[in-house]
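Let me begin by presenting the structure, written as structure tokens, before commenting on it.
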Amino acid sequence: MSWWSDRRVGPALGSAGVLVLLIIAGMAVYVTKEAWPSFSANGLAWFGSGGDANVQLAEIFRSAPPFEYTLRAWPLVYGTALAAGGAVVAGLVLSILAALYIVAFAPPSITRILEPVVRLLAGVPSVIYGLIGVLVLVPFVNDHLISTERKESVFYVIQLTGQSLLIATALLTIMIVPIMISIAVDALRSVPSSWTEGALALGANRMRVMWTIGLRASRPALVAGAVLALARALGEAIMLAMVSGGVIFSPNLLDGPTFFFEPIQPFAAAIVQGAEGITVKPFGSTLFAFAAVIMVSSVGLSITGSVVRRRLRKFAA
Amino acid sequence: MPPPPIRRIVVDAPHVPVAPPEPLEAAVRARPRLATDAVERMRVEDLTIAYGPKVAVNGVTLPVHQGEVLALIGPSGCGKTTLLRSLNRLVELTPGAGRGGKIVLDGDDVDVIEVTDLRRRVSMVFQQPNPFPMSIFDNVAYALREQGSKRVKRSELMAPVRSALERAGLWDEVGDDLDRPALRMSGGQQQRLCIARALAANPEVLLLDEPCSALDPRSTAIIEELILQLREELAVVIVTHNLQQAYRIGDRVAFMYLGELVEYGLAADVFERPEHTRTAEYVSGAFG
Amino acid sequence: QSKILMSGSTSVYPLTVDLIKAYKKKNPNTKFSVSQGGSDVGIGDVARKRVNIGASSRDQQAGDPGGLTFTKIARDGICVVTNPANSIANLSQQNVQDIFAGKVRRWEDVPGSKVTGPIALNVRTESSGTQDAFRNIFMGPSLRVTPSASQKATNGLVQAAVQNDKNAIGYVDINFISGTYPVPYKGVACNLRNAKSGQYPGVRNFWYVTVGAPKGEVKKFIDFARSSSVQSSVVAKHYVPFK
Amino acid sequence: MTAIQSPPPRQDRPRLRTDPSGSWRAWPLRDRILLGLCWAAGLFLIFVAAAITLYMAFKGIQFLRPNLLWTRPEAAIDQSKSGGFLDPMLGTLLIIVGALAIAAPLGIATAVWLTEYGKPTWLARMVESGVEVIAGTPAIVLALFGLAFFSQGGLGFLSTTGEGGAVFGRSLLICCTVLSLEALPMIVGATREGLMSTPRHVREASYALGKTRAATIHRVLLPTARPNIATGCALGMGRVAGDTAVVLLLGGGTLQLAANGSIPGLNTLQGTGSTLTTYVYANSPSGEGGAPEKAYAAAFLLLLLVLALNWAVDRIARGDGRLGWIR
Amino acid sequence: MPPPPIRRIVVDAPHVPVAPPEPLEAAVRARPRLATDAVERMRVEDLTIAYGPKVAVNGVTLPVHQGEVLALIGPSGCGKTTLLRSLNRLVELTPGAGRGGKIVLDGDDVDVIEVTDLRRRVSMVFQQPNPFPMSIFDNVAYALREQGSKRVKRSELMAPVRSALERAGLWDEVGDDLDRPALRMSGGQQQRLCIARALAANPEVLLLDEPCSALDPRSTAIIEELILQLREELAVVIVTHNLQQAYRIGDRVAFMYLGELVEYGLAADVFERPEHTRTAEYVSGAFG
């Protein structure tokens, strides 16, 4: 049998794919194993609210054997959802407009600038976003946007320092918007030109063509983009750890505009924040539980996203 | 067994007259000469279109008459589609496409007509049926809705949609369920839907780019008949690679080769008494 | 040729590097590998025998794995810091406890304050040695820092927060006070001299942690670090000798 | 017969129409507002990118001293003595090269298998989803997984072992291994894109000449897809260079590259070290390094690296204007 | 002006004989009848090919004779390409494609022949010229080299490469610079290069899928002549949509419609005396 026989090369290449699967399986097993004590000690109440999560984490950290695991992680769930959800909603609007602009309306000279710009924004390391956040944006917001009255209005509950939902969401939006733009642009560009030209030939203007045909046909891709961006937002750790406030807190919508200036702590940021204590058994297991939650949700999201995208491919053909 | 002798294509040979398609011969001979005073709807003057450095249409001058069907023929890549798409300025969508020369619609340069207006007046049907992924009704109503900026009620649109479907000979087949997705129709129906969609805006000129090439004989026959009916109300330009079709429905035929207009004239003249060798070769099937 | 693996506290890391430099001058054949990750990482690593020495900036506590020996190698000051715009003359232990426990929430209610408005509290995360020391020394075992305080993962973040906000207060390692105002505590200014002299009470311990008593090359290195000459030459530059 | 003689071919190039959208003035108000918003979104993105680049350039150039580039970082309380970032730069390079050395063969093999073999279908679909899953798994989760996984017995060769064979489990090599997972989906995606965009008739021409798939891949497909593979690698390298979380947890946190083990070259990888990202992190207020000026200078270098990789992607893709595979 | 009368296509009408293409008439009439004992190289028996639920070729039985050109004609989508691709089992590459029936090469079922062998013996040229992105020499030598390797010395390969290029009539044009990238050649040259590449492995059957549809008349003529020369050594099957071409070079013609083989016979018979209405309609240009 020759070296270039398919019977030899096919399985050899296929084993690379199998290796990928093994890695994922390993990851799921290890993270779950490490996280298990935290989940089994709390049951479903793990996701509920009650008590102060900051205090609970401190107790977990300090506990002597037999270890303490009690945690009500709702504020973390809520903080994650707020930051990621807010970023995805803002990102959806921004990315749709920007994608339309790139595909249909920008002069070629600006498209030539915008494409590297989008790629650059995707490529800027999160530590640089964090650096700008913590050294520029946080002091700015603290000095100019949060009045003393506003601080005093809530200071028995939480202190406002500039590290806030607002900055976290804004930076997160900038970080995920390139993914959404790239998917939206690809989708808009792959809308069959027979449709767009057909609409143009009927005398519709180009904006209407993009709305009634382009975006309509790209809806699955927009959903897929949002889903993938959401997965990315859930997992962003370094930047959020740097700007999101360092205290586990659930911003209260009833506080009006102050809501946006209240700190949050998403799961991923909490992991970075607590990383120094990872070897302390109950605390480490709690951090792994955070990771497990992120892992399960992002795996779920990316599978959803790929299913939607596969649908899209079928539909485009 | 020895192979049969080789039969060469004689390139650049003097032309030999071509017989018209047999089944139609009688009808063609009986056809009255076209009036020379037919109203000129559009006129292409010294038109040149280039995609970047590649010249696709080269100095073509051509009139389009009301009440006639103009058939554009020529081998693959000779610029038929490009010429057609320049008539409603669709060619401008291709990045890098440039235009020289002039196109006139009813005496106005097409460049000064608002482009969405122009495209409603000079409507186009494509080679592949391309209904939008919406209901039949929404497809036909598309041009009507996009005309104004306000939302129009469905009931108000019903009359024009019905009339367009009737003119396209589709009402009897689909009139009872206009909410069906257009993509569920058969190929021939889809193409007629596209014609109906183009007709809904009451165009003055109808452009058709190989509208039957993806269709079966029955659908082809229906659409050919439809085109002949429509020509009473508007000017029709049709691109086709089916020479018999050009002979059957074209009142005038333009033969293009390598971007240039080689021959233009009445259908019977071009097919039976072509002036140029290339035309004779092409209509006799030596290439293409 | 022998080799010593170390890991642990980020606060102890600069001191460890200095100690190794000094040690290598006399013992060039000993190889070191030092990584950082936090006091608990050091304790965890050494307990699992991944390294020979774990560095810790916090004292031993009940939850730590058994069988570990903590050897003190230096002491380190912790300062309560405010923004330079708020140069308070003095804070008593009561003042500090009230502020950090959240009892007093306005600068107006703090004697000697130069600013008004809400107090912005900056504390360290639970896993940090500085936080542990602050709790033990300033707050006492029964009082806890208010949970609404902003928890910073590092001294640098506290420092930056205090630099940037005139209403802020926090506590940092004595080596991170630049750009802030170190508040005299119990009437004693927070500086290295007062810490060395023993007048300044806010002092914590740096430990090298081993499994069982130090042995062999490890013992040699730790003994070297604890020797009075090294303590007065290397350690005393930025830290407080442990004796 | 009214035959019209075509005029002689024109010599002048036809005039170019560059702005087919020129007619927006005639649009309804609603559409003009939307157009305005589109412009605003596009310009906003340019503004953000320009602001980031210019701010980092301003700060970076302000603080970047040549000697920072070739002095080694030191742990020192006194910032003037804490050295430059030679080691983090080398660390970044090592990690890029190492991660790519693992991810490229694995990714290309996976992509080729998926597009050219893909049998059994269920396995292919699982592998496909697997790659998606890896693409969607946050770095911090990968880092924690690495922390739990690589300190297992038997994996000591990746880092170093303490007494009794306990595996230390943190090293540059482990960073490379984990980070290769981040680069993997990009390489797989780009390679697949390249293979799939190779016209079907090209590979069929090869099969029709009696070549096996393997031979076709080797001689026809991989050479054709080379630009895509290079693009994927460049994007993957950008991703690896920009990672902080993994190196923070798995890099060991020494400032200098600290070799471990006896085989020269490999021992650097087996040892601990830092990269530009962790150096920035450590010297930003977030770390204990406490030298924001040096953080800015290093961040500027990091940004230059990202820009260079972007430029490479542009050059490789020859500006065919695709934004794909950013994720 | 009243429009000229409508000329209908008469669907399903009784057939009317079609005249052969005029310029070639004399040659065709003079052509000797094919020997009925021509060696049968391949045979397709009750072949059915489906893409998922869509049946593309339906129960076709067809012999392929040594020393003859078999021309497959039929409207777009009728399954010509699919039939052709099943002869060298290329159709198996399409996911979801399924086959029923039998294909025989020299008495052996193609399923029992090693597939790489089969494809060397039954070689194929495609509609689009598709030289590989390598030099002319490497393109032609591609089939000669071992799977995937490039090791065989150039000097050893020179003789067969030269002979293949000569048989494809390309040696005179490119023989002096075989290292030129193949993609720099003209379309007609590229297509002849693809033929040379297919010939290099000395196939027994040559399949051509619309090999001239992208070419100009001169290249078409050269390739047609080439095909007629080749048929002496091997069996040729050609798909074409140019009826005149089928008439010119096909010894036998098979007309397919909607996946079924409607008519099969000598070229003159199919074109002049079609047995089926559909064939008559198609060869007279009523559709397609």
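Just a few scattered comments:
Lettered A, B, C, D and E in written order, each chain numbered from 1.
Everything that follows uses one rule, which is that a residue touches a chain if its C-beta (ideal position, glycine included) is under 8 Å from a C-beta of that chain, and two chains touch if they have at least 3 such contacts.
The model shown is predicted, which means the values in this text are computed figures rather than measured ones.
Among the chains in view, D has its Cα centre nearest the centre of the complete protein Cα set.
When the interfaces A-C and A-B are ranked by how many C-beta pairs touch across them, A-C comes first. Subunit C and subunit D have Cα centroids lying 38 Å from one another.
Subunit B and subunit E have Cα centroids lying 31 Å from one another. Chain geometry summary: the mean Cα position of subunit B and that of subunit C are 85 Å apart.
One simple way to say how far apart two chains are is to compare their mean CA positions; for subunit B and subunit D this gives 50 Å.
Shown for subunit C are the residues in touch with two or more other chains, namely 10, 37, 45, 153, 157, 160-161.
For subunit B, residues touching at least two other chains, in rising order: 93, 116.
Annotation for subunit D: residues 23, 26, 31, 212, 214-215, 218, 249, 284-286, 292 touch two or more other chains. Listing the residues of subunit D that touch subunit C in their complex gives 74-77, 151, 160-164, 166-170, 249, 252-254, 258, 260, 271-272, 284-290, 292.
Every residue of subunit C that touches subunit A in the complex is listed here, in rising order: 10, 37-41, 43-45, 61-63, 105-106, 117-122, 125-128, 144, 147-153, 157, 160-161, 164-165, 167-168. Across the interface of their complex, subunit C is touched by residues 52, 54-55, 57-58, 61-65, 67, 134-135, 138-139, 142-143, 148, 151-152, 155-159, 161-163, 241, 245-247, 249, 263, 272-280, 283 of subunit A.
Contact residues on subunit A toward subunit D in their complex (touch as defined above): 2, 4-6, 8-10, 12-14, 16-21, 23-24, 26-27, 30-31, 33-34, 94, 97-98, 100-102, 104-108, 110-128, 130-132, 134-136, 174, 177-179, 181-183, 185-186, 205-208, 211, 228, 231-232, 234-238, 241-242, 268, 271-272, 275, 278, 287-288, 291, 294-295, 298-299, 301-303, 305-306. Remark: subunit E residues 1-11, 13, 16-19, 21-24, 27-28, 30-32, 34-35, 37-38, 67-68, 75-77, 212-218, 220-221, 224-225, 228-229, 231-232, 242-245, 247-249, 251, 278, 281, 284-288 touch subunit B in the complex.
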